[in-house]
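Going in written order, the chains are labelled A, B and C, and every chain counts its residues from 1.
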Amino acid sequence: MKQLKFAEIFGDYLRDESRQIGTAESILFSKTEEEIVKSIIDNNKKNIHITTQGARTGLAASAVPNGGHIINLSRMNKVLGARYDKENDRFFLRVQPGVLLIEVRKYLANKSFIINDWDEESKRALKYMDPGEWFYSTDPTETSASIGGMVACNASGAKSFKYGSTRDHIESIRIVLSDGDILSLKRGEVYANDGKFELKTEKNNIIKGILPNYTIPNVKKNTAGYYCKPNMDLIDLFIGSDGTLGVISEIEIELNRTQAVNWGLTMFMPDEDKALDLVRALRGEKVIEDFPTINIKPSAIELFNHNALNMLREQQKINPAFALIQEVKESYHTGIYIEIEGDSNEEVWSKVQKIGNVMMEIGGDESSTWVAKTPIYLEKLHAFRHACPECVNMKIDEIKKTDPRITKLGTDMSVPNERLKDVMHMYNDDLKDKGLKSVIFGHIGDNHLHVNIIPRNIEEYNIGKKLYEVWAEKIASMGGAVSAEHGVGKLKIPFLQKMYNEEELNEMRKLKKIFDPKQLLNRGTIFPYIEGEAGIL
Amino acid sequence: MASINIMKDKCVGCKKCVNACPFNAIEIIDKKAEIKPNCTLCGSCVSSCKFNAINFVKDEVEKKDISHYKGIWIFAEQRYGKLKGVALELVGQGKKLGEELNVNVTAIVLGDNITHLGEELIAYGADEVLLMDAPWLKDFNDHIYGEIMIELIEEYKPEIVLIGATSNGRSLAPHISSTLQTGLTADCTILEIDREQRLLLQTRPAFGGNLMATIVCPDNRPQMATVRPKVFKSLKPNYDREGKIIVLPVRSQIKSFVQKIRHIDNEQGANITDADIIVSVGKGIGNANNIKLAQELSSILGGAIGATRAVVDSGWLPYSQQVGQTGKTVAPNLYIAIGISGAIQHVAGLADIETIVAINSDPEAPIFKVAHYGIVGDCKEILPLLIQELKSKM
Amino acid sequence: MKIIVCIKQVPGTNEVKMDPVTNTIIRENIESIINPFDTYAIEEAVRIKENMGAEVIGLSMGIPAAEEILREAISLGIDKGFLLSDRKFAGADTLATSYTLSLGVKKIKDFDLIICGKQASDGDTAQVGPSLAKTLGIAYVTDISKIIEINENNIRCMKITDDGYEEILLTLPALITVVKEINMPRLPSIKRMKIAQDSQVEILTFNDVEADENRLGLKGSPTQVRKTFIPIHNINNEMIEGSEKAEKLASILLGKIRRS
C-alpha cells in the first residue's frame, strides 16, 4: 500500500476560511483538557511549536499551521453544564471550546442539551429554562464557528451593535499554558493594577508581568492585538489573543433573554450618502433640521453598497441558489438592513412606521423596503445578507483558478462614529483611483465595514494588498482598529504594524513571552516569529 | 346547522377532549370545556369524553339509495402505451379489497393504441379491463379524461374508485368527485375494508405526516381515493390469469379549453420515484458545494439523488428531487440519508424501504429512529472516506 | 383583468407533540400563517398586475380571525380581501369548501383568472383548486411552474409533471394552481403594510351569498374522519461506531448492492 502523506490525509486541517494553506507534521484531535496538557508538555519538551484549531472558519489564518503540531479542538464539542443566578436573573453555559455556535443555538432553541454527564446543579438550573427563552447573542455570519474560536478572535457580528462582542459575554475561561500548567479565570476576580499583573496557576505558580502601555482604540469593535488597559479584568487579556497565550480548554458563556419579537427590515436608498444619513438617523443622531430624532435602538445596522447589490443581481440571474433570495430591483442603489427587537409586534410596528417616515424625509421610498416580522420572513433576509460574503467567496474561487496566488482580500476595520462618512469616502475614492472592482458590506452601525476587493489578475491583487496597508495606516490615524472582529491572525500582521509602532509591538511580544517563553503557541500569529531573544527590549 | 356543544352540567374539566382535538379548538375556561370558533366539526373529541358531555349535533342528511353501487374500479394511468407503476400496484391492492367485499376489480384505461395493456392489468390482478382507444385520447387531459370517467361511473356505478396519486391523478380525481358530488380522500397510504358497513377505510397522513387520519365516505358513492405510488406492492404477474377485456365504443370527441402544446421529459434516471438506490441530502450537509460529494457517492452506487424540502428551497437541487410529504414518495431498496434530520414531513415520503442508512452529526436526530444503520458524524469527513473506500473495492 | 387568489389560513407549524403520559396530542397555541403555497399564488398575481395591470382580489374561507391573513396578503400586494365566514360553513371537507369558495367567486364576479397554491400545508390534498374550477365550470391546470404569456383570452404556461414539463394553453377564464418554482414571493414593504393597516376586508356570511344549505359545511361534506392516530416507526437500528465508521459502512453498502 502506498504511504499517504500528512497533507493527503489531513489536508483540510492545513487550511481555514482565509483560503491560506499551511504545513504540519502531526495533529491531535483532543477530547479532553488532559489530552491538551499532555500534548503541550510532550511537544514543549521537543521544542515543537503548536497551532490550535477550532472549526477553522476564521478569515485571518490564525488556524493555518506553519509546520509543527496541530491541536484540533473540534471534538471537544460538549456543553458541560449550566448555571442560573436567580438573584440577578443571569444564565450561563459551560462549554468545551469546540462546540459550534449553531449547536449552541439549537440546544437553546429546543432545550435539547445532552445532560448525561452534567452535575446536579446544572440539571437543576435547566428547570429555570424554557426552550428558546435564552439565546447567545454573539452572531458572526458564519454560524459553524466554534465558541473557542470566537473567544480567540473576540468575534462579533451584526447584533454586536446592541449586545457587544464575544468579550462582553464570557464569564470564565480555562487556559492550558505552554508548560502544561492551567489558568482558571473568572470575570470580576483578578484585575491588573496600574499596568502590573499577577496570576496564580492551578499548580500555584505565580505569573507576574507588566502590561503594554499602548492605548487601544476607542471603538466598540476591536480585536487588533492584545487588549490592554491599566486596571483591566485579566480575563480580557486572553479574549482576542488569537491563541498565542494558551489553549482555551473550557469557557463559560453568558446568555441573554430572548425578546418576544424580532423584526428584520431592509431599506434601499437612492444613493449612498442618503443611506449613510439613514444609518445616522437610525443611531439616533440628528440628520435633518426640523425633523425630530427617532428612538429606535436597533439591535443591528448593516450596509450593502451599490456594488454588492449589483453583484447579487448578477448572481441571481445565473446561479439557482441565489434565485431564491429577494429580487433586487434596478432602482435599489444602497441597502441598509436592521433588526429591531421588542415586547410586542405593535411596539415594533410603531417604530417601523417612524422609520418609514424618516426614510422619506431623507429622500428614500417606503416602497423600497422589505419587512420581516416572522421568523420565516426573517430567514429570507438572513439568506440575503449571507449571500454577499458567499458571492465574494465564489468570485474569489473563480479567479483563484486562473492564478492560485490570489486569495480573498477583505478588510475588517472599524472607526469611531464621527468618522463614518470620512471612512466611506476614503474607501470609495481610493478604489476608484486604483480602478479596482470591489464590494462593501458589513456592520455599519459600528462603522465597521468589510471592503472586499475582487482582483481580476495578480497585478490588481498586489495593488489591492498595498491599498489595505495604506488604509490600515489611515484608519489608525482616525483612531480606529485595523481588525474589528476577525483577529490579526497571520494575514493582518502588516496592518497591525501600521496601528502600533515597533516599540508597542515589542511590548506585545514581551507579554507573549511571559506566558510562552519558547514562542511555541500559534507561532507567527499577531506578530512574526523572531527566533531567540531578538526583539526583546 | 351542525355543531359540537359541551353540556356544562356534565363536563368536569378533565381536559381529555382538549388533548384529543387535533385543531387546538377546545379550551378549558372556568373548569369547563369550551369549543373555540376554529372547530372544524371533525368529531375527534366526542369519543374522548368519559362523561358524555360532548354533544355532536349533525344535520339530517337525506340518505340516497347507494345499494346498487358495486365493484372496485382502478383508473389505470398510462403514458404513450406504458402503464404507470401505481396502476399495477392498485389493481393488486384492489384485488385484495375486492376479495373482502366479494366483488370484481375493474381497471379503466384511456388512451391511444392501448389495447395491449388489458392483458398486463389482468396478469397483475384485474378481473376486468375497460378500454377506450382513440387518437384524441393520446394525451392526458383533466377535462377529457374526467368527463369520460364521469360518464362511465354513472353508467356502471362502482362503489370504489381508486386513482394513483401521480401529478395527473391528483389533478383528475377532484374533477370527477366534485362533479359526482362524492367524497375524495387524497394520498392514501392504507386502504382497508369495514365489512360490516361495507365501507372503504381510507387512511392518509395529515398535518405533514405527524398524524394519520382514517377517512370514510358513508353516504355517497363511489368512495374515491388517490393512492400514493410505491405504497402498495404490486402482485407477481400471472399471465395465465383469466379476465374480461372490454373495448368500449369510442364516444364523440370532447372539446377542451386546455391544450397541450409540447412536453419536455426529464432525463432518464433522474426520476427518484423509480430509483433502486437513492442518496438523499438534507441541510446538514452544510453548503451547496458538499452536494457534489453526495452526487459522487450516488454515481458510484448507480443511484439517484434526493433532497429534503430545505435543500430544494435553498436552490441546491431542483424541486424534482424532493422526497417527502410535499415532494415524492420513494421506495428504493437502499436509501442513504445524509445530513437529514428526519422531520416527519420527510420520513412521510419514505415508503417500504429495505435499508435506510443515516449519517448525521446530531445523535438526537429523529432520522436515527427510522434508519437501519446510523453513523453519528460530520458528513463532510465521512463522505470522502466512504467514497474512497467504495472506489477502492468496487 | 381581474384575478382572484384563493388564500387559506393554516397553522404556522405542522408539528404534533405527544403527551407521553396520556398518549394524546398536544397542540400548543400556534400562530396562523398564510398557507406557504398560497404566497406563490399571491406573488404571481401581483406580478401580472405589475406587468399588464390587473385587479387582484384575495378570497378566503375561515374563522373571523382569518381576516388578518387577508390583510397580510394586502401587504404583499393584493388590492382587496374577501372572507367567507359563517358557522354554517364550518366542518367543510374539500367538496363543501370548493362549493363555498365558488359562492364567493360568484359574488366577486367577472374574473379572468383564479390562482391557487398547489395545496395547503395542513391538509396537503391539492383538491380544492380543481374542485373549485369544476364547480364554476371553468378550465384548470395544476402544478404551474411558469406563466409564459397571458393576454385577455389565453394563458400559456408550463406545468410540472412526474415526467418533466408540459407547455399548456388555456382559454380564460380559467384556474391554475402554482408550485414553488414559479417565483420568489416578496416581503411586504412599509408602504404596503401601512396600506393594509387601513384596508377593510369584506366579510361574506351565509346571508351574503346564494347558497344551497345542503352543500355547505359538515352537511355538504361526504367524507368524515373516523379516527386519528400518531404513526409509529418500529425499526431495529444499528449504530456504526468506532474509528473506522466509513470503512464499516462501505462494506455494508457493498453487501447490499451485490445482493440486489
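Keep this in mind: contacts are C-beta pairs under 8 Å (C-beta built on N, C-alpha and C of every residue); 3 or more make two chains touch, one makes a residue touch a chain.
Treat the numbers as computed from the prediction; the structure is a model and nothing was measured.
Highest C-beta contact pair count among chain pairs: B-C.
Think of the whole protein's Cα atoms as having one middle point; the chain whose own Cα middle lies nearest to it is C. The centroid of the Cα atoms in chain A and the matching centroid in chain B are 48 Å apart. Rounded to a whole number, the gap between the C-alpha centres of chain A and chain C is 42 angstrom. Centroids of chain B and chain C (each the mean of its C-alpha atoms) stand 18 Å apart.
Annotation for chain A: residues 323-324 touch two or more other chains. The multi-chain contact residues of chain B, meaning those touching 2 or more other chains, are 313. Every residue of chain B that touches chain A in the complex is listed here, in rising order: 286, 288, 313-316, 318, 362-364.
Against chain C, in their complex, chain B makes its touches with residues 1-3, 16, 19-24, 37-44, 48, 58-59, 61-62, 79, 142-143, 146, 166-168, 170-171, 173-175, 177-179, 181-187, 201, 205-220, 256-266, 271, 273, 276-277, 301-302, 313, 319-320, 325-326, 333-334, 336, 344-345, 347, 354-357, 359, 368-377, 382, 385-386, 389-390, 393-394.
Within the complex formed with chain A, the chain C residues making contact are 12, 31, 33, 184, 186-194. For chain A in complex with chain B, the residues that touch the partner chain are 106, 112, 114, 144, 319-324, 383.
Considering their complex, residues 265, 323-327, 349, 352-353, 355-356, 359, 365-372, 374, 376-377, 380-381 of chain A touch chain C.
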